[in-house]
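Two complexes come next, and they have one chain in common, chain A, joined by chain B in the first and chain C in the second.
So, the complex of A and B:
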């Protein structure tokens, strides 16, 4: 048989190709730009303008009487921020709170999801019961927690007294901190369970059967098949909870209001106090902006990981 | 079709609609309209048809007024909307309303420390309205209000009166009279003094009585309870001890408490007397119900009325709830004495009128404020099933039916506290926290340090010195309203 020789023409370079590209790009941008304009305008009204206002507030002393007015004070509030030892302690406390709540919620949520996944009968009923705390408003969860830990009539206080704990749960520094952590974990573990369960149902049955045929035990299957399969889902769950945990407010405000002895005063409580109790709005703007920066940094870390896994496109 | 240069009907209609929408929008954003004034000789009915918005903390007097607004509406023809909020929320809304300049709230519950001191410039000087011949004056004049209350809740830094005394909660010694009677002789023998609560008992004796209940009876779980949560209540509870030991927040404490100032001078909490008071308070809380550290006044009140503790310092307006829970079993006395005096912290509040109100709105608001603090309304509040506070008018306490109600059986349970609070309101016994615009931040500083002291994180001396340092830092920054 004869040999068929195929000659591919080299793409045209230089002067001819160059004019085409900008033309196509401009056209595409024009269409997308037009579609995005209303959204961008709305975003500007809802986010950008308030953001710029808060930024301006952080360099100003804000007066309320006779209409809101700003008087420029330069870096005064930013300098105060870096010298505020209390605030740094509160950031440290927020970090500990963040690690404890998110860590516990991830571990418990994953464990509960695995249990539910294996449950063949009554799964929906159990799942419905499990999800209930998530549908309660955080402030109600806080009130509920306060009643349950009340030393006069609280169920948990009574149970703890039966096992020999005589202290007041919300009256001790450590016990109060652990109590508010527990309340958050109680409320938001179901969300992790739900997201993880959705991920588990997508794990390929054939891969699990193949692993079983190869002699993989339950732990090995979990370690090498299931967890890698749901890692991206877990990462999304972690991202959602992290963003929430850093601005945790309601339950602490209702139960301990930051006490006793500042043991539960996290940064959002401090921010609220500075803005709406002291009306020190310039300094509150600084605290808020730093909180925003931290939240964005956390989100960027997770999005970066998802990006590396190729899950953002 | 539209020909060039010719406007068709549809385009014209569109233009008209756009113009109408724009006009509506500018009208909505533009000037406000005042309420109408009716030409009448009846000074109470000249604003008939107006609506007055009254924003208040959810307190007993407001509950009673809200339950009985009909007499005011019949008298004036004015409709009143009452918005009740928790105090912190109220302060936020009032601050934002004053900033907005729209006067959403015409009549304001003006807490002396959180509203009056920081925002007095945004309130109306009520002397102008009281002296306006077109408006009804105050029955009995300003002089009918209890003098210390008028100064404490109505004035800030001068002679102007920004608020009319509206409620007057005061911390007094509340105790289970039945238990004190039951154990009186045994206690007297064991303790070596007459344990019956009165303004002559000392804090040391209070401590020993509390301990006696802890150690000798099963009638109650603990002798005493306190409102020692990391909250405003902790400052209130401690202040009684502080003043009785001769300590104070600032140098000229009486003037700062009564009239208020923007520049209170250096803080005095580092003094020996203040440290001694803190040491005693720490000792007292060590034998009090351990849950005290989680209670504010709302947590403490049911502890007493449910029979968990034998006595406590609490706001006198809880008397009605006490009587409801265990009728006839409670009694009230002024706070114990320290080395210097008996001090009873006053937590009263006035009602003020928003400075952004338009002239007729202001007149209508004055009618309501005047009526709500009038002797007749205060008497009706005393009898109200909805709660009701105690009067702020001297003339009401002089009424024969009120005097009779001071003794059981009483149809006005709150007035059972009258002998104790009358004593507490005497200038020598009243306790007034500093009326300064930055009080919220100072308040937070002291109750946080006290909470740390009670948790064992710092010593009483360190807690007081640290608080003094913080107070000075806060007051040095000054205040911009």
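So, the complex of A and C:
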């Protein structure tokens, strides 16, 4: 990790040159346009058609037998959505899960990045080891979590028994919820560490020197100098993680699948259950569209930040 | 680095250094114990895997792996399906992503911002929301339980990712590079193919590896779309979970097989991971 820079400055230069050559501009546009066409066409097919389909599904009763058929039912599913108390509970649970996992990941990730930053020797080796969980398939992470917390032979259950905890971790409501939170934290804290460390490495030495000359102590330097200068990187980390946190459901699906007694039933799990266990496809589409709206709102903030920093070209 | 160490800001006290060391050791234990335990368990015999007291010293055996590659539930086809689905979708994503990313980075069209936003929002769409309509569309098009179906499904997240990320990598190349190639008589395509593209080899490799990791690790799509003819490795792990119990020896062996190649691939591009995973918003090398 040598020199690190935010791409903030880079793209600017990319566009300055073109207006000087008006005669070439049209050709340039055409070439760029041609290069974009195949990818964007395929992406359009892969996103617009499914989007329209899911929209249509939310207003229709979908029959699968004897060929797929739609019959229009108006706002029936949307009306049900607003009256569905269970679903609101599940949204609330999703929110708690989200705040706990992303919050813990941000705090732990930042803490670890600060420790790594102070580490002069072996930083890259330690970082590489800390990153490993990110590459683990979430299904495997979940199943591994089940293995470790099994009440008869799980390594972690055994450790907890040594300190006096006897319960079946995935069997109790609270412990199961905390366990899936812990698995998510295990898997995704490294992402925050990685991003934050890149931000820290970019804090220029002169800034820190100035702080030291002013007689700032380590805590003051951290609070008033370092954290402010990596705030945009922290925000990027938070948003990237947030968008993914809403996407993923694998770990819960293979560990508790929403149980015990709905203790871990977050919205994506509910959606899968509604769609592929009960085949209530129209209602699942409504739940899905609301999830999509939430994600797009977060993505808007993300792009807005990149934009203000000049990061979107 | 030496100037850093002598500087007052970085003069970490002994106690602080001890604290940092302790935190990192704990973090390493928390991170690595599950993985090491998985790998160890995959070499244990059945009784050792599920003994109430954890066994650290044991006679290593390849039984679990041998069982995976013999008999009715041979892992071979699963590996083939995974390699085909993840590999082909990643190659397609990188090829189309490199072309479109180059176009997007250089384009000066109006509405580009909206285009960029549309691309990133397709990438961020919750998988469950994509699975739902694709389930109907794939049923209509007979793509359920086929490798092409999985490839298309993976492209829904790999393609926007590749376009966005490649455009971030292209944006880092100064335009003067392309201009001088054009002045020297290259056509637009030659300039792209012989000059620009080789400069972003790291970007291409990083994009490919991340696409590969995302699709190789997929469970949400495979759960709905794959069947006997297209089951991928994560589904093989899932299927070992049965009503009657779980063969943890075999499961940890599958886990090791799924995880190991991705760790190797991921660490190979570690220098560019930040750029890749933040979609180009933060760069570090």
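Here is the rule we use: the second predicted complex is superposed on the first by the 257 of 313 C-alpha atoms of A that agree within 3 Å, B and C clash if a C-alpha of one lies under 4 Å from a C-alpha of the other, contacts with A are read in each partner's own complex, and residues count from 1 in each chain.
Operating definition for what follows: a residue touches a chain if its C-beta (ideal position, glycine included) is under 8 Å from a C-beta of that chain, and two chains touch if they have at least 3 such contacts.
Every value quoted in this text rests on a predicted model; they were computed, and no experiment measured them.
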Q: Could you say whether A:34 touches chain B, chain C, both of them, or neither, answering first, second, both or neither?
A: second
Q | First (chain B), second (chain C), both or neither touched by A:152 | A | both
Q: Examine A:130 and indicate which partner it touches, taking first as chain B and second as chain C; both and neither are also allowed.
A: second
Q. What is the contact status of A:64 with respect to chain B (first) and chain C (second): first, second, both, or neither?
A. both
Q. Which partner, once the models are overlaid, touches more of chain A's residues, chain C or chain B?
A. C
Q. Once the shared chain is lined up, is A:280 touching chain B (first), chain C (second), both, or neither of them?
A. first
Q.
Which partner chains sit in contact with A:224 here, chain B, chain C, both or neither? Use first/second/both/neither.
A. neither
Q | First, second, both or neither for A:194, with chain B first and chain C second | A | second
Q) Touching A:250, do we find chain B (first), chain C (second), both, or neither? A) second
Q. Thinking of the overlay built on chain A, is A:296 touched by chain B (first), by chain C (second), by both, or by neither?
A. second
Q. Common interface residues of chain A with chain B and chain C?
A. 62, 64, 67-68, 152, 276
Q | Residue ranges of chain C touching chain A (in the complex, touch as defined) | A | 1, 3-5, 7-10, 12, 16-17, 20, 23-24, 27-28, 30-35, 37-38, 41, 49-54, 96-97, 99-109, 112-113, 115-122, 124-137, 139-140, 152, 155-156, 159-160, 163, 167-168, 171-172, 174-176, 179, 188, 192, 213, 216-220, 223-224, 233-234, 237-238, 241, 246, 248, 251-252, 254-255, 258-259, 262-263, 265-267, 270, 273-274, 277-285
Q) Inside the complex, what are the residues of chain A that reach chain C? A) 1-7, 10-11, 13-18, 25, 27-29, 31-40, 42-43, 46-47, 49-51, 53-54, 57, 62, 64, 67-68, 111-112, 115-116, 118-120, 124, 126-140, 143-148, 152-153, 155, 158, 186, 190-191, 194-195, 197-199, 201-202, 205, 208-209, 211-212, 218, 221, 233, 236-237, 240, 243, 246-250, 253-254, 268, 271-272, 275-276, 281, 284-285, 288-289, 291-292, 295-296, 298-300, 302-303, 306-307, 311-313
Q: Provide the residue numbers of chain A that touch chain B in the complex, in ascending order.
A: 61-68, 71, 150-152, 166-168, 170-173, 256-263, 273, 276-280
Q: Enumerate the contact residues on chain B facing chain A in the complex.
A: 88, 91-92, 95-96, 98-101, 118-119, 121-122, 229-231, 290-294, 302-303, 306, 308, 438, 440-441, 444, 448, 451-452, 454-455, 457, 480-481
